[in-house]
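Just below sit the structures, each encoded as structure tokens.
Two complexes are shown next, each including chain A; its partner changes from chain B in the first to chain C in the second.
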Partner chain A sequence: MLTVLFDGIASGALLFLLAIGLSITLGIMNFTNLAHGAFAMLGGYLTVVMLNRWGISFFYCLPVAFLAPALAGVILERAFYSRLYDADPLDQVLFTIGLVFASIATASYLMGAQHQIIQVPHFLQGQIHVFSGFDMGTYRLFLLAFCGVITLLLHLVLMRTRFGSRLRAAVDNGRIARGLGINVNRLFAVTFGVGSGLAGLAGALGIEILNLDPVFPVKFLVYFLIVVAVGGTGTVGGPLAAALILGIFDVAGKYYVSQIGAFVIYAVMVAMLIWRPQGLFGKKAVR
Partner chain B sequence: MIARISLIALVVAVVFGACMPATVFAQTPLKVGLILPMTGPMASTGKQVVAAVKLYVAEHGDVVAGRKIEVLLRDDANAAETTKRYAQELVTNDHAEILAGFGLTPLAFAAAPIATAAKVPMIIMSAGTFVIPQKSPYIIRTSFTLPQNTAPIAVWAAKHGIKKVFTLVADYAPGIDSETTFKAVFTANGGQIVGEARVPVQNPDYAPFVQKAKDSKPDALFIFVPSGEGAAVMKQYAERGLAKAGIKLIGPGDVTDDDILDSMGDAAIGTITSMDYSAAHASPENKAYVAAFEKANPGMRPNFMSVGGWDGMALIYEVLKKTNGSAEGDKFLAAAKGLSWMSPRGKITIDPNTRDIIQDEYIREVKRVNGHLWNVEFDHLPAVPPDGKF
Partner chain C sequence: MGSIPKAAPATDSGDIKFKAEAEYLRAKASWRPYELVFWLLPIAAYFLLPKQLVLLSRVAVMGLFALSLDLILGYAGIISLGHAAFFGLGGYTAGLLAQHGFGEPISGLVMGALAAGILGFATSFLVMRGSDLTRLMVTLGICLMLMEAANKMRWLTGGADGLQGIAVSPILGVWTFDLFGRTAYIYSMAVLFLVFLLIRRVIRSPYGLALRGIKENQRRMQALGTPVTRRLVVAYTIGAALAGLAGALLTQTTQFVSLDVLSFDKSAEVLLMVTLGGAGTLYGGIIGGLALIVAQYLLSGISPEYWQFWVGIAFIALVFLARGGLVGLAQKGVAALSRGRGARAASQGG
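Our next item is the complex of A and B:
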């Protein structure tokens, strides 16, 4: 049972890393970015190409998997997304869904439609036997540790830096933040870039656990949205709690009640949203 | 005004006149509608079948019994509604005389009524669920059935010291077919099923299911997953240390799909499966087939889906030679029933009663040969019928 719990927490940690970018951008920019998964996919495929074709070590692939989608995010944000901030949510959805389809077609054309397989470094493979009935997958342990570090970094940046306080100001009340001279546009661009970069990083880390294929952005879109809806937008703690809960229930559900296992995650979402419709730690953002 | 009309009439007449001789003197080409998933999760199936079809036409020429074969490829992206629509369009608009392909069971089910209504032969090159040929009297299968591919491994396991098995299958028709056959045959031979699980096809996450299998402490884990998913399962099998815990991996050969076997790494070595085709099959026909396939598609190894496509075309060509170029539904079916020929996989026959395929089955083990992983055959069951009862 402890193994299931551990697997669930690791799964939740990955989910958190994938969805945190979406939560922040949805919170501060109020922009429904359904193409978030496409940045994750970009990070994943870059890692596959670098690892499989160019033989670059896995750990050097990770920074690239962060930087490239981050850069792509900043460029797209300045070029396209910024034009739609005041647009109807439906227009935003249409644009981002179009972006998703374009990315799926591109990935399919360039990389083929099959699942991508990578071999992670040897010391990350296998399991660590803790005691009878409890084995920790080495890669999942690494994932957990990595996500822990990232979460800590995010928390420190948000709470202890000037950039973080400006970001929080923009989340709470964008108009007044602008009035105080905070360059909200540049804030948005950087935040969007970081959010997309984190997604790309998670996409790279997730190749081993989730399946990477061209339809990744659509397949996992539901999971990102569940994490964001249940966790509340604009915070780090909310999506973290939501992702962990969802990860644990998903894995436990599939283990203990296999017949309906895949449905448990949706049942949990419905229950949590009935209990707290604004999300676990959500606040109402003022624009 | 009159001059203008007569000018137009003259142009039309000239154009018609130019076209006329071509249509009058040439035999009409025979259009084969090939409906396959070329995008989406089953895309690897589509690619393999198309590659084999193209190879067959390249090697045997595109004229049979005086008719030029034209293959019209349609991508149904795994959606049954799309398959049905394409089947309809191919038959009514494009005048296709044969329908072929069908990567998955629901897709075949969707197109079956079209074949019956239009009296068009429908050749199943991929799908494996047992009941498919019953959906239309015009269906002929050249791929395989899940009972056919599963029964041999069930018997082998029971005879080789495997007493307890945990079954893990994908939750769709072929998976359930495979699970049912395995359970029936394995228990009939004295085995015991200690647990079972079904994984959703859409977002498969094998980790908790493989963990549950490990915790049930079976002698072997029986797996069926769609072609191409084997790598994900193998990863979980390796990561959770099932081999170290003494749990063997068995199943029909879909899990060690030749297309992706080589990239699975050492974790796959020792897996024992039963299947109708292995790229390592040591016959002169297969050696030639694999060599030609790899030459035409660099980096791609033919798998069991591709021979379904190859033999589908072989069926079409052989039948057309018998019917003298006619693909008319009843004539085609009559000529196809009982037809037997040598395929890269071995000898195959179209059963006259069920219009399904009778073929040899092989028990294979994954071994590293010359630096690459292959399904090496070590046992052989001749002429296994489609219901797997041999």
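Our next item is the complex of A and C:
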């Protein structure tokens, strides 16, 4: 019972890290970015290549798994996304689906269609036995701590820095923020880069748990959308709560009712939608 | 996209307004020469391309599927990431009926459409509940849910192996499905044409005008007293039912159905067909379907990853280069031509 709860919280924390970038960028520009998972996949595959082929330590892989997708995100943002800020949502959807397909094809061409497996460092393997009936996987504990630190950092940046207050202003009302002299476009580009980087980092951390393969961006798309739609935008707390709920229900569903386990998250989605169509904490939902 | 027609100022007496509206709709409903040419093409193809009838039946089926999405996307303005849910449900319904001995094709089509329509109606309320983003989530989620269900219920659907042993009886008890796909071709083209007539009628009715109004300015339509949600629910339900019809047609003409019909790729593919042809143009879906299937046929020798890559690039190119799709490009071309001709005539006259 506790083990399942713990695993659920760990995968929820991972999900949060995956989706937080999407939540923030969506909040600022109202940009429907369905290709968010592609950046996560990029981080994951880079780690696989560096770790398995070049034998670089897992901990050196992580910064690269953050920086490379962040860079890719900024480049793509400047080249393509920025031209679609005011476009029809349909255009944004089509463009990002295109990116998803191209990335899936590239990944399966370069890496093959199989699940990727990595060896995490030795001291992160195994279980910690707390008391009878409650075992914590060491890797999941590490994951939880890691995500906790990042969440705290994000929260501090968002709430305590000038950048953060500009960001919140842009999320609340982009037009007025612009009028006050905040360069919303640049803010968006930076946030997009950081968000993509965080997704990449989560993609690398999640290889062990999420089964990295080329269809990753599609497989987790609905998870991202649920986290963002349920969690609302502009805060760290909303998406975090949504991700934790989703993670716990997902793991518990697959563990206890494995026959219908995959349906649990959809049931959660429908229930949330009926109960709080405006999002979990949203005063107004994502438009 | 044209704007809402100015039928008559609302201040006029209702009588005049209705007359103008009826006249406008009648003018819109008359058949243009290019439309007649378009529908002569499939007849010509039957005689000219007898070896490609199987492929062309597929074009008809996917064209029908695209047409059903066009009603939802192009006319009602709802972006769906899971339209394959209805396609697949229709396909499995028809397939299961035929597998269990009810192989009569017409009733199979009706049952497929009915099942998908019911699902569409039931889920439309969830779809209407939120913003664009929530709609993406809900449509995608429903489709994934069906896919998971079909995968899990192996005893019913055959799981990943697909549904085997589908036997379809002759159409109206007369025409049997032959090996060369002649019957299948005529059957699917006929169904496509009939559905096309239906949709053409629907979008040129006052109801269709209301839909276009909603797409262009939902708040204004609400202020004018249009029950927006009810209109959208009807559109979504019709679109779902017709997608089910297309799925049933695919099952009957290929005598096979597998999980593939419920995949995200199918939903994305049909989205590409509609937008490639031109959303909200009635013919766009069919033209996009034709273009995509022919491209797939020509490139089928290459590896699947390659195909998927180019589909992705097609999406991106479409957004940046050919907004409005093929029909939009053609319209632009025609407009440019006639402008050129007009300018030439003016310069000659002066």
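The rule is simple: the second predicted complex is superposed on the first by the 282 of 287 C-alpha atoms of A that agree within 3 Å, B and C clash if a C-alpha of one lies under 4 Å from a C-alpha of the other, contacts with A are read in each partner's own complex, and residues count from 1 in each chain.
One rule holds in what follows: a contact is a pair of C-beta atoms (placed from the backbone, for glycine too) under 8 Å apart; a residue touches a chain by one contact, two chains touch by 3 or more.
Owing to the predicted nature of the structure, the values given are computational and were not obtained by experimental measurement.
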{"item": "Chain B versus chain C as contact partner of A:Leu94, first or second or both or neither", "value": "second"}
{"item": "Chain B versus chain C as contact partner of A:Leu26, first or second or both or neither", "value": "second"}
{"item": "First, second, both or neither for A:Arg83, with chain B first and chain C second", "value": "second"}
{"item": "Touched partner set for A:Ser108, first chain B, second chain C, both or neither", "value": "both"}
{"item": "Touched partner set for A:Ser258, first chain B, second chain C, both or neither", "value": "first"}
{"item": "Touch count on chain A, higher of chain B and chain C", "value": "C"}
{"item": "Which superposed partner A:Phe163 touches (first chain B, second chain C, both, neither)", "value": "neither"}
{"item": "Residues of chain A contacting chain B in one complex and chain C in the other", "value": "108, 259, 262"}
{"item": "Residue numbers on chain C that touch chain A, as the complex places them", "value": "73, 79, 81, 126, 129-134, 136-138, 140-142, 144-145, 148-149, 152, 264, 268, 271-272, 275, 279, 303, 305-309, 311-316, 318-320, 323"}
{"item": "Chain A residues within the chain B interface of the complex", "value": "3-4, 7, 11, 108, 112-115, 117, 119, 125-127, 133, 135, 137, 139, 208-211, 213-215, 219-220, 250-252, 254-255, 258-259, 261-262"}
{"item": "Footprint of chain A on chain B - complex, ascending", "value": "38-41, 43-44, 47, 197-198, 200, 202-205, 207-209, 211-212, 215, 228-229, 231-232, 235, 238-241, 259-260, 263-265"}
{"item": "Partner chain C, residues of chain A touching it in the complex", "value": "26, 32, 34, 80, 83-84, 87, 89-91, 93-95, 97-106, 108-109, 218, 221-222, 225-226, 228-229, 259-260, 262-263, 266, 269-270, 273-274, 277, 285-287"}
